[in-house]
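Below you'll find a set of structures to go through.
Consider the two complexes below, in which subunit A is the common component and subunit B and subunit C are the respective partners.
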Partner chain A sequence: MPRAVTGILLLALLAVLVAMPRIAAGEPYVLHVLVLCFVYAIPAVGLNLMLGYTGLVSLGHMAFAGIGAYAAAVMMVDARFGFWSSLALATLAAGAAGVAIGVVCLRFRSHFFMIVTLAFGLVLHSVMNNWDEVTRGAAGFGGIPRPSPIELLGERFSFAPLANFYYLALAAAVVVFALQRLVVRSDIGRVLAAIRQDERLARARGVNALLYKTAVFALGSAIAGFGGVLQVSFLRVAAPASFSLAESINSVLIVIVGGAGSLAGPALGALLFVALPEYLRVASEWRFVIFGVMLVAITLFAPRGLAGVAADLCRRIGGKPPVERP
Partner chain B sequence: MTDAILEQTLNGLMMGSIYVLVALGMVLIYGVMQVVNFAHGVLFTAGGYLAHFFYTRVLDSYPLAILLSMVSLAAIGIAIERGIFRPLSGNLRNQVIASLGLILAIENLLVALWGPNALQFKVPTTEMLVSVGELRFSVHHLGIIVITLAMVALLGLFLKFTRFGTAIRATSQSREAAMVVGIPVERVHWSTFAIGTMLAALGGALIGPLFLVFPQMGDVPLVKGLAGILLGGMGSVPGAVVGGMIIGVVESVSTLYLPTDYRDSIAFLAMVAILLARPQGIFGVRMRGED
Partner chain C sequence: MTRLVVRDLRKRYGGIAALAGIALEIERPGIYGLIGPNGAGKTTLFDIIAGGIAPDSGEVLLDGRSVTGLPSHRMAALGVARTFQECRILLEETCLDNLLFAAQRKDFVATLGQFLSRSQAARRAQRAEAMRLLQLVRLEDYAEVPAANLSFGQRRLLEIVSTFITAPSLFLLDEPASGVNPALLETLSDFIRTMYAERPSVFFLVEHNMEFIMSLAGDIIVMHQGAVLERGTPQAVQASPRVVEAYLG
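Let's turn to the complex of A and B:
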C-alpha cells in the first residue's frame, strides 16, 4: 500500500475514534469496550517489541503490567501522590523491574528464557496475591482514583465521565503506538530485527546484543506497566487475577493473532480479543476455546497473524503476489 | 519434630512422584523433539477429569478408570503430535505458541464441559490408612509413590532393553543418524508423545482424589515438573526423576520452617538460581546456550 494511502486511512481511523463518543452517544457500552481494547493493546505493544521484533518469547509479560499497576495504586492511595506523577513513576518502576529481571532472564536462551520468564511471572503474581500489607492480597486493591481534573484550554476537564476517560485511554494508545513505530523504524529497530534473525551474526558484526535485548525488555516492561496503571485507574481496582499467567498467555495471544512484528498487530489482536466476543455474546469459556484453537491455527496456517493476512489481501487487490516471510 | 519431618518427607515423596510423572513425559518429548510442551500441565488436568468421568459415569473401578484415561490421553497426544507439533517442527517459537493455544483451548473446554468449580473425586484408597511407625498414611499416598517408582522402573527397562526404547534413545541423540540407520523417526515422535501424555494422565488421575479435580490443577505440576527437569539437567531422564523428587521433598519439608504462601515462589527462585549457577543440572546433558 502506498505510504500516502496508509497515512490517510490512519487519519480517518483516528478521526472516527475521536468522534466515537458522539457517534455512540446513547451507548456508553461501546466506549467501555473500546477503553478495554486500549487497555489490552498497550501492554501488547510492549510484548510485540520483545516477541515480534526481537524474538524474545516472554511468558510473564503481564506481571510487569502488575508492577506498574500496584506501584501506582500504592502511590495514589497510600502515599497520596497525584495520578500523573504516579503514572510516570509507576511506568519507570515497571521499566526498572524489567531491567533487573531482564538481566537475569536474558542470560538464558530459547526454552530456558521462556521457562525463567514464566517462573518470574508466577513469583510476581504470587507476591501480588500474598503480600497482604501492601497489595491487599487476593481480594484486590480497591479505591483507586480516576485521574484528577486538568485545565485544558482554560476549561476544567474531568476524567470522571466515561467519554473523557476514553479520550485519555485513546491518547495513551496513540502515544504508545507512535512510540512503537518510532522504535521499530529507527536504527535500533533494525538492530532488533537483526538480533531476531540471527543473533550470532549480529554479534559478529559488533552489535552488543545483550544490551539491546535488555533495553527492549525494559521498554516492553515499562509499556506494560503504563498499560497496567491505565487499567487499574479505569477499573478502580487492582486485582492479582489481572496479572496472572493466564493474562500473560492472553497477551501473547493478542500479539500473535494480531500479527507479531507488525505495527498494527496489537491493535487488531486486542480488538479481536475484547470486542468480538462482546459483540458475539458467547460464553467466556467457549470464547477461550475458540481463541486457543485460533492461536494454534494461526501458527499453522497464517504465521504472520491478521495483519499479515490483511497485508496479503491488500497486495492481492493491487495485483502483486503475497510476501513470503518466515 | 522427627515425626513431623518424616511426615513431610513422605508427603514430599508423594508430591515429588506427581512432579516426576509430569517431568518424565516432558523430558522424553524434549529429548526426541527438542521442544518443551507447555501444554503438558493441561493434559495432566484432562487426565484427572477423564479419570473422574470414567469412574463416576462409566464404570466403578478406579484402576480401570485410570487406565481408560491414560489410553484416551495417549490418543489425544498422538493427535496433537501429528496435527500440530509435526507440521511446526523446526520452528520452536511457533511450537511454543501453539502449545499456549492448546492450554487455552483445553482448559476452557474442560470448564465448558464440567464447570469452573472443583469436583469431588472419592475413591476407596484415600480412606484406607496404614501405619508407618507412629504415623498414619492413606494407602493412596503410598500407592502414588509405589506406582510412580514402578512406572520409572518400567520406563527405564523399556528404554534400555527393548528395540523401540533403543530407537527412542537413538533419536534423541541424533535425529539424522537415527534416520540413516533406518529408525522410523516419525513413529518414534508420536509414540514418545503418547507415552508422555499417558504419564501426565496418570499423574492427574492419581492426584485428583487427594486435591480435587479443577481446571487449573495442572499449572503447578507443570512448573514444578519443569523445575525438576532443569534441576536434573535438561534432557536427562534419571535427572528428571531425581529432580522432581528433590523438589517435592524440599518444598514439603520447607513448610515446617517457611511461610507456605511463598512456597512455590521459593521453589521457582531456587530453580532460577540453580540454572544460573549450574545450567547443566545434576545429570546435565544440555547447556543453556543451545537452541
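Let's turn to the complex of A and C:
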C-alpha cells in the first residue's frame, strides 16, 4: 500500500475514534469496551516488540503490567502521590523490573526462555495474590483514583466522565503505537529483526545481542507497566487475576493472532480478543475455547496473523500478488 | 595494517584434537588461502579467530593485542568480519536491507543516538554504497527482493558482499565458493579482486575448490590434523609431496 494511502486511512481511523463519544452517545458500553481494548493493546505492543520483532516469547508479560499497576496503586493510595507522577514512576519501575528479570531470563534460549519467563510470571502473580500488607491480596487493591484533572486551554478537564477517560486511553494508545513504529523503523529495529532471524549472524556483525535483548525486554516491560496503570485506574481496582498466567497467555495470543511483527497487530488482536467478546458478552468459560480454535486456524491458514491477512487483501485489491515469506 | 598472530592454539572436542598447537603469522595485506583435508581444523581456527569460541590454550593476537576468546561482537568491532560455511544471511530482509544492516553501527549507544537524531545524508551515502556493491556482484535487480528468494549461489554472494560493506581489516571467508555455480564463481573471484584492489587488507579464505583458491591467493597455508603442514606460493604448495600425501591420505 502506498504510504499516502496508509496515512489517510490512519487519519480516518483516528477521526472516527476521536468522534466515537458522539457517534456512540447513547451507548456508553461501546466506550467502555474500547477503553478495555486500548488498555490490553498497550501491553501487547510491548510484547510485540519482544515477541514479534525480536523473537522473545515471554509467557510472563502481564506480570510486568501488574508491577506497574501495583506500584502505582501503592503510590497513589498509600503514599498519596498524584496520578501523573505515579504513572511515570510506575512505568519506570516496570522497566527496571524488566532489566533485573530480563538479565536472568535472557541467559536462556527459546523454550528455556519461555519456561523461565513463565516461572517469573507465576512468582510475581503469587506475590500480588498473597502479600496482603502491600497488595491487599486476592481481594484486590481497591480505591484507585481516576487521573487527577488537568488544565486544558484554560479549562478544567476531569477524567471522571467515561468519555474523558476514553480520550486519555486513546491518547496513550496513540503514543505507544507511535513509539512502536519509531523503534521498529530505526536502526535499533533493524538490529532486533536481525537478532530474531539469526542471532549468531547478528553477533558476528557486531551486535551485542544480550544488551539489545535486555533493552527490548525492559522497554516491553515498561510499556506493559504503563498499560497496567491505565487499566487499574480505569477499573478503580487492581486485581491479581488481571496479571495472572492466563492473562499473559492471552497477551501472547493477542500478538500472534493480530500479527506478530506487524505494527497494527496488537490493535487488531486486542479488538478481536478483548473488544469483540466483551461487546458480544460471550461467557468467559467459552472464550478460551473459541480463542483456541481461532489460534489453530490462524497458524494454519494465516501465519502472519490478521495484519498479514489485511496486508494481502490490500495487495490483491491493488492487483499485486501476496507477499511470500519463508 | 593488520597483523594476525596465532600462537600454539589447542582445542579439543571430546577425544578429538581439532587444533593441535597451530601457529601462524600473517604480517601484511594479501589474499591468503587456507586449505586442508576435511577435519583438518580450518573452521575451528576461524571460529576462534572470529571470537565466541575460546581455545583450550594458546593465543590470538591482533595488531599485537591479545584477543583470545573475546565475544564475536567485540571482534567485529575490532574489524574482523566473517562468513559462515553454512551461509548466513537475513532471509526475511531484502538484499538491500541485508547490506544496510551490515553497514549500520551496532553499538547500542550509537543506535540510540541515531534513534534521536537521524542523519539523512549518512543514510543516503550508505544506500548508494550498498547499491554499488550489489551491482558488482550482479544482484542489483534483487535489491528489493527478500533474500529468501535468491538461489544458493546468490545467497553466498550476498553474504560475502555484506561482510565487505562493514569495511573490516580482516576478512574470514569460510568456503566462499562452495555451492556457487561456475558462472557466478567468476563474478565472485572478480569481486574479491576488485575489493582487494580498492582497500588492501587481509583476506583469509578457507576453500576446497583448488582451482578457485590457487588462482586467487598468493599465499597458501595447508592445514593437517590441527597444525600447519605447509605454507607457500600455490605452485610450491601443489608440488609439495607432504601435501599430496595428506590429501591422498
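Annotations for the structure displayed:
Here is the rule we use: the second predicted complex is superposed on the first by the 321 of 326 C-alpha atoms of A that agree within 3 Å, B and C clash if a C-alpha of one lies under 4 Å from a C-alpha of the other, contacts with A are read in each partner's own complex, and residues count from 1 in each chain.
Note that a contact is a pair of C-beta atoms (placed from the backbone, for glycine too) under 8 Å apart; a residue touches a chain by one contact, two chains touch by 3 or more.
Since this is a predicted model, take the numbers as computed values, not measurements.
Aligning the shared subunit A places subunit B and subunit C next to each other free of steric conflict. Measuring from the middle, so to speak, at the Cα centre of subunit A, the directions to subunit B and subunit C differ by 80 degrees in steps of 10. Contacts of A:Ala215 after superposition on the shared chain: subunit C is touched, whereas subunit B is not.
Contacts of A:Glu285 after superposition: subunit B is touched, whereas subunit C is not reached. In the superposed model, A:Ile67 lies in contact with neither subunit B nor subunit C.
Once the two complexes are overlaid on the shared chain, A:Ala307 sits clear of subunit B and of subunit C alike.
Comparing subunit B with subunit C, more residues of subunit A are touched by B. Fitting both structures onto chain A leaves subunit B and subunit C with a minimum C-alpha separation of 13 Å. When the two complexes are superposed on chain A, none of the residues of subunit A touches both subunit B and subunit C.
Residues 50, 52, 71-73, 76-77, 81-82, 84, 88-93, 97, 100-102, 104-108, 111-112, 114-115, 118, 146, 148-149, 162, 166 of subunit C are the ones touching subunit A in the complex. Listed in rising order, the residues of subunit A touching subunit B in the complex are 55, 57, 59, 104, 107-112, 114-116, 118-120, 122-123, 126-127, 130, 245, 249, 252-253, 256, 283-289, 291-296, 299-300, 303.
Contact residues of subunit A toward subunit C in the complex are 182-183, 186-188, 190-191, 193-194, 197-198, 200-201, 203-209, 211-212, 215, 324-326. Those residues of subunit B that touch subunit A in the shared complex are 30, 35-36, 38, 84, 87-88, 92-98, 100-109, 111-112, 116, 219, 223, 226-227, 230, 234, 261-262, 264-265, 268-269, 271-272, 275-276, 279, 288-291.
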